[in-house]
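The structure appears below as structure tokens.
In order of appearance the chains are A, B, C, D, E, F and G, and numbering begins at 1 in each one.
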Amino acid sequence: MNGNVLDAYGPLLLMFLAAMGISGAILTVSVLFGRRKPNPFKDSPYECGIRPTGDARQPFSVQYYLVALIFILFDIEAIFLYPWALVYHDLRLFGFVEMLLYIIILLAGYIYLWKKGALDWNR
Amino acid sequence: MEFVAQHPILVVSLIKIVVLLFLLMTALAYVTWFERKVVARIQSRIGPLYVGAHGLLQPLADGVKFLFKEDVTPPAADRFVYVLAPFLALSLGLATIALIPFGPATIMVLGVPTQMGIANVSLGLLFVFAITSMGVYGVALAGWSSNSKYPLMGGLRSSAQMVSYEVSLTLSVVGVVLLAGTLNFNDLIAYQSGHWRYVRFLPHWNVIPQFVGFLCYFISAIAETNRVPFDLPEAETELVAGFHTEYSSFKFAMFFMAEYANMITVSCLATILFFGGWLSPFPERWTWQLYIPGVGLILGGILLAYDTAMNQRGIARIQLAVVTIGALVIGAACLLPSVMPVVQGPFWFLLKLLGFLFFYVWTRGTLPRFRYDQLMDFGWKFLLPVSLANLVITAFVVMVLNR
Amino acid sequence: MTLPIILFFVFAAIAVIGALMMIFFREPIHSALALILVMVALAVLYLLLGAEFIAAVQIIVYAGAVMVLFVFVIMLLNAGEEERTNISKLAHYVGWPLGIFLTVELVYWMLRAPIGARATTATIAPGDPTRDLSMLLFRSYLFPFEITSILILIALIGALVLAKRDS
Amino acid sequence: MPISVETPTGAAETMVLNMGPQHPSTHGVLRVVLELNGEIVVSAKPHIGYLHTGIEKSCESKTYSQAITLTDRLDYLAPLSNNLCYCLAVERILNIEVPKRAQYIRVLLTELTRIASHLVWVGTHAIDLGAMTVFLYGFREREEIMRILEMVSGQRMMTSYFRIGGLALEPPPGWLERVARFLDSFPAHVAEYEDLLTQNRIWLARTKGIGYLSPEDAIALGVSGPTLRGSGVDYDVRKYFPYSSYEEFDFDVPVQKDGDCYARYLCRVAEIKESAKIVRQAIAKIPAEGPIRTVAPGIIPPSREEMKTSIEGLIYHFKIYTEGFSPPRGEVYQAIESPRGELGFFVASDGSANPYRVKVRAPSFVNLQALPELVVGRLIADVVACIGTTDIVLGEVDR
Amino acid sequence: MNEIPISYFLVLSAILFGLGVLAFVFKRNIITVFMAIELMLNAVNLAFVAFDRARGGPHDGWVFVFFVIVVAAAEAAVGLAIAITVVHNRQSLNIERVNLLKF
Amino acid sequence: MEKDSFIRKLREWDAAAVVEVLDFRGETTIVVARENLQRVAEFLVNDPGTRFAFLSDITAVDKFPIEPRFELNYHLLSLERRARLRLKVRLAGDDPVAPSMVPVWPAANWHEREAFDLMGIRFEGHPDLRRILMPDDWEGYPLRKDYPVEGYR
Amino acid sequence: MPIILNNLWIIPLLPLLGAAINGIFGKQWSQTRVNVVGISSVSLTFLGVIELTREFLALHSQVAWVRSYAPWMIAGPFRADFNFQIDQLTLVMLGVVSGVGLLIHIYSTGYMAHEGGYYRFFSYLNLFMFFMLTLVMAGNLVLMFVGWEGVGLCSYLLIGFYFLRKSASDAGKKAFIVTRIGDVGFTIGTLLVFWTFKSVDFTEIFKQASGMPVESPTYIGGTLTVICLLLFAGAIGKSAQLPLYVWLPDAMEGPTPVSALIHAATMVTAGVYMVARMHVLYSHAPLAMLVVAIVGAATLFYSATIGLVQTDIKKVLAYSTVSQLGYMFLGCGVGAYAAGVFHLMTHAFFKGLLFLAAGSVIHAMGGEQDMRNMGGLRKKIPITFWTMFAATLAIAGVPLFSGFFSKEAILDAAKDGPYANIYLWTLGILGALLTSFYMFRLLFLTFFGEQRYDEHKVHVHESPKNMTIPLILLAILAVSGGWFAAPTMLGGPNHFENFLRPVFEAGAPAASAALAENAGAGETGGNALVKSLLAPGVIVALIGFLTAWWFYIRRPDLPKKLAASMHGLYTLLLNKYYVDEIYLAVIVRPLLWVSTNVLWHTVDEKVIDGAVNGVASSARGIGGEVRQIQSGNPRSYATWVVIGAVGVTVLVLGVWGMVR
């Protein structure tokens, strides 16, 4: 597609500005209209009616990190798949084999993860 | 302004944006109404009833209520991030719609022919994914900034969940791209026009060859939008309200609006990718289908009128009369020869969209919720391999058929 | 001043300010947010350079995945405000002057780069650039492409071994 | 209110989370202090007492009849069971027999209560696990039972309909037909819940194998009711120590072997059906006419007609409602099978007009003890399922 | 008329790279140090895309950006895993307190 | 009668264990001395002829001002024998201490805590003897007869 | 439709898949499953090769069939593709590699059955097959180099298969490092090829080279000569020629099937294959050919002498391999490429067989490798004996056995060929004599005479079927593998040479003319038969046999006496001419000394440390900073990185700026 970037993406940018504008407006309006009568009980973090002690931001299970990690790597794989799918009609068997190889290698990693229990939530 | 003259399209899109955002915000409000009504029906209840006829003004009342609610910001929270999170969530949720084309027809705005849809981008699909991939931040930051245990857990949970299902989401769509060889929404829809060669009554929609892909996509989409049975982040019975426990007033509502906006986006995407977007399911030679929108609206109007006359009293009657007249007028307008072709695309698109939204609500009415580990297992150990396999098989079949 | 140039300056400014914020914020999560800002701004600049696909990938992978990992780790480790230590005298006295010097030097040379005299018209490259890129990637750069899978595999295994060891 | 938060038991990775008292899935004001490692429960400690109203103490200052209204407030999902148990206990001390008609009506109504209670349980348990619709369906049927109770007693929930020596009032004509009508439509509705849950994959995944309780542990912990029977122990007070003519009814006691949440779910659903069976038999058994109260001058109030027509009646009426009656010295322990398990009333009399000591053996209270047993080592989401499956009512736990 | 000189992008790239270097030296939190590295990689990517645009031919520059992104992702994954391990062992995120590199 | 057989068995095992046998409205109560409680309980649980494995309830009764002031009633159930039995222990007002039955019946845990909470009876050997229904900082034992219902004056 | 021809990638891919599958999953799998994967991948390859041969021959093509699958490396003008090439030479090699490889795979299932890391072994073997096939099918030098290095890697892995044994892992390392020395030459040679021809594709190289003039046989500086010599350096390393042969005997530490497959039948012949493949270049560089021939002849004689006295059964075979490889090079060096390749093929059969049989013997003896502790095994393990006997006859050059034809062809070429050289021929004949002797010595020591082992400790038993069947098949091949050339004895054509003619005629005008002339000049009828049967090779083989018989059957006490009387020579031979020791003394020690004394003690301690200490002591203020270098503080390191970056950019950009 030949064309000016602005013609294609300018509207998108504008939409972003508009969406952010609306969100900002909503935030402002709710600040303007909402009453504010803070008191210590209202302000305290929710913990089922018990006064919380200590910092809520406690170190968390490393499992979450693993999920994000696996996600990154598979995300990249998925991203590579898109240009591939785009020109797949021209690549044919060659494209199939190369992507199969690619997928197989990553699949090996996937199987490794699985076997290692990185995908199990309750180890 | 010099560059306005250079880029007339910007002015045109500004107008479209205003219109679309208005419609979208209304739609968001009424999707909640729709959901409440449908779920109520499923659960043999009535649903919103008192504010306006059939509770039609309920969303408005809700909005006003949210507006006047006290906006509590916990002092322990990281204020900047705390405010940023709903802001991010909502603006990303709203902005994605810009990439969705609602109809094929070019309409004239300020004398410039332009599409029904804001941005027509050659890599539309990728940009949708790009924007949704940022959606994680809204959730994660909300959970983190609240500085409270339940939100933190909810935030971590839901961001991990969204991230997990994003993989299968992206993978499940590759099959469609393989078939069509394009990432542009218009081209994707164009690819699906017509009917199958041998089964001529079946429209040439991707859902048929890519049924597995569609299932993967839709399941992932449900998870991605944190809806039942994947609504773990907000699993109220465990984590109270998940990442938005500490949010109140309109900030709370913003998360909900974002959720509904995302629902609409992924449903639009499903419509475009698998159900032929704005295409009608009928063959082109059946010209009578052009009357469906108009006639449908008029029939709906008549039904409403009947309901109004039989069941409603007082002010509700007036409200419904207005709606009825609106439906009749628009329906009649849709039958005008000049308008008729224009409304076809949006009509079918919205109809399919509504179908998906109904499906969303339906699952919510029927299914229990997964447990978190089951959810992650499902995503990583089932959906991911299945969508990969679907991809490989599709690639193989495409290769063989291409020879 | 035409619109593209204005856009360039706006987003360049956002990128630079974001980078500065990344340096000067002391809460890691704020730094991360600033960096996300830089990345998004860069994506827009890529668009101005006509590299749509790269812009999309930039957002999906960098802003949508890598930074998510950063945010997760910050949440995971409960990274609080940065400690102000100055154990390394070297970094304290030599590091940043040299860094600034390096910046200035690079800017100087970039200004003198012979290629810089050309201009982009903020158009999408002719033809179908994404297809060209794909063909390039899967034909000419097939080998590196396949190697990336191995790289990813190794990273996966390495990170898993590292992260899982303590649990 | 105790505000202390337990300190973690050591490992730095754990996090202490209060579940409750203000939490959607603790069925009231239960507080469970969870120590979590990631999402896995390392330890769970139930804290109760947020709803302690001192009912046992209050009973000591009421007359025997007055205390009935207090018992309604114990297990507010099955008030008639509480009424029945208390009345049976006092009747034991008094050593009087209730007329058969009243006994059958008691059976019918307590079984209806059981159905209602289980319906609420299925609904809340399902909503705990995210299935919202079942909840509303359950309440639809419960509503009909409530209406029947209202028709009979004039009250929807706190009926206090059973009185010492019989019933409070003669039920209105046509009520049995209404019950029968309800029963006719009922099986189809139960099938609806089962459609939504019993074979649902997600439901199975959420309940099967979760919250396992072995029969030995169950007995040792004193667990009773469907929770016990879900572990394969066939103990039902109605069969072991029949009361109120239960021995004349033909019903099965559903038992499941697996001891997990799903087994308990199956038990309760089967119990609903069994109760419906009993109700149907009761309809057939209840004579159209006959006394609803024992004749025991000075203890049981005379009928309205007698009070209006005879002087003795008037005197007894006056005496009973002003100063009550004085049963002989002694203490009894009366147990019945409430929807939640063995409900027991220990009533001690010192010969005065007020009960000397009333102690309620609340099944929820005892069953709740088993909670840590069920949840430790499992995920936080399972805590919800387990709390739901023990079917506690905080009014009864805290008394 | 709509032209932006490529050198603008190159200068921006240089500035961002310099800021990355500064952050790399300046920051003490191990996570932000990694972020500084990401910033530098981003700056380089910008230069790649700019050069690619200037060349106009086949988009080799884009391909490089692609690979840089992959490498950056892998780097982040492993680097942060190391960070987690270090923090678990040392109880500190401050790289100045981590002197494992000593011999 | 079967209930008699329990008593007989108990007597055969240790004649001194049974202090008194009460019978009211068909309910058998065996009064045992505090010192013997644990032994008797273990016997009743383990003896194949009795098998009172299920502890239904523990009730504390305050007989103020009669001494011994407190009575503890253990309501036992034998699933095999389909029988109930009540064990009664009398405790003096100035020494309301009983051995904890948690080792014999884990179910006794909360019952004993409740008796402690509301009646002020202490149980020796209880793993976690805290108030259960009343707040931790509550003063007094509400179910005692001398508890000022309208508050301390 | 030629399926395989159009999809050449299938052939190397199959073993690669096998390797990957076994490598990934094999650990959990039973041996049977590993077998199925390993064997089926190789047998499919073999079938593929057969089909390929059929398809290629159906083409009646006189030129190579080249298919390019992907661009691979493109850097400026440099371009190397994934392209595969099929011609007659490739076919022969493919047949050998896949056929012998398949048999050895089958054999291994028996031989390795009780070893740990079974799946690992098969994964490596399959990987080796992949690389070897890549090497053979490669259409350009760079891809060939990939295969070349890949087989080296697999060789390293497999020699060090028992990696817990220090000698094994040392041997692996030695093999790797020694061959690497040769590979340096190969690499530079490749670069030179590219420099000269602007391409690395064989077709292109040969096209250009065949048009170039033949270089002077005396001037060493000719481009082609240099290229050929450098490439030959690689061949020396890979094919274990003088002076880089030292790794091969040590490589016997690996499992016997490995020795058979890699260190006898296939990998070590890669050098020969390479020389044959590049014959166009060699034909234009007579000097290089001469070097090849000399090295070959020297090696064949040299290592045969060592083989005379070795007592380890596998060591004898190892030196014999080195020697036979020398024959092949001799053949190539005297222009008889076809003969060299012919010998390569027959050698693959009989040497593979010898190793496998030796493995069978070792298996039977429960791990014993010393021949002095064997004897009289003939009756106990008859199949092994008979197959080994056939192989011995073949290697000794007994008429009608395969080795006879190939060796005779080489010797003929050395005597009468266009590049004939009588001295080299003499060495070849002497080598044949020695070969015959040490091979029969091996046979007699092992299978004849009295038992020299303890019957109670060693339970001698015939190997299982999956080991003996490959033996028998190989024995058939070892006997009959040379009959392609049988008609020459009757004065007819040599079918093998005719088969390969398209390849070797293609680009070598000068040489091929001579060849063709020579081929036409065959004598006819019975005359030729008599002549070939009475050829010197046959006679020396007979002499060798008789001597061995005399020494080891008739008068078993003689060898010891002889050894005593010729003590000096004996120990010299026994210690393999002290080559390892010489290398140690001449190369390794000096290197160690230099690195210890010069680099460590002088440069490091005195210069660097001195400088640091000096700075530290002279300027305390800066000294603190300098110590920071070693602070372990990552921030400081980061700063150093920046300092370095500034330095480099200032240098590079500054200099560049000035130049501009």
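Keep in mind that, in the parts below, contacts are C-beta pairs under 8 Å (C-beta built on N, C-alpha and C of every residue); 3 or more make two chains touch, one makes a residue touch a chain.
For clarity, every value in this text was computed on a predicted model and none was experimentally measured.
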Chain separated most widely from chain G, comparing mean CA positions: F
Of A-C and D-F, whichever chain pair has more C-beta contact pairs: A-C
Centroid comparison with chain A (C-alpha atoms), farthest chain: F
Centroid spacing, where centroids are CA-atom means, of chain A and chain B in whole angstrom: 18
Chain centre separation (chain B, chain D; CA means) in Å: 46
Touching two or more other chains - residue numbers and ranges from chain B: 6-7, 121-122, 126-127, 133, 144, 149-150, 152, 156, 160, 163, 166, 183, 240, 372-373
Junction residues of chain E, two or more chains touched: 1-2, 21, 24-25, 28, 69-70, 73-74, 76-77, 80-81, 84, 96
Two or more partner chains touched - positions in chain C: 2-4, 48, 50, 52-53, 57, 60-61, 64-66, 68-69, 72-73, 75-77, 87-88, 91, 95, 98-99, 102, 106, 109, 122-124, 128, 130, 133, 137, 139, 142, 148, 152, 155-156, 159-160, 163, 166
Chain B residues touching chain A - in the complex, by the definition given at the top: 7, 9-10, 13-14, 16-18, 21, 25, 66-72, 74-76, 83, 86-87, 90-95, 97-99, 118-122, 125-127, 133, 144, 146-152, 156, 160, 163-164, 166-167, 170-171, 174, 177-178, 181-184, 240, 245-246, 249-251, 253-254, 372-373, 376-377, 380-381, 384-385, 388, 391-392, 395-396, 398-399, 402-403
Touching residues on chain C, where the partner in the complex is chain B: 2-3, 6, 27, 29-30, 33, 36, 43, 52-53, 55-57, 59-60, 63-65, 68, 71-72, 75, 124, 128, 130
Chain D-touching residues of chain B, taken from the complex the two chains share: 39, 42-45, 149-150, 153, 228-229, 231-232, 235-238, 240, 364-374
Chain A-touching residues of chain E, taken from the complex the two chains share: 2, 69-70, 73-74, 76-77, 80-81, 84
For the chain F and chain D complex, residues of the former touching the latter: 24-25, 27, 53-57, 59, 61-62, 73, 75, 79, 82, 84, 86, 105-107, 109-111, 114, 118, 131-137, 142-143, 149
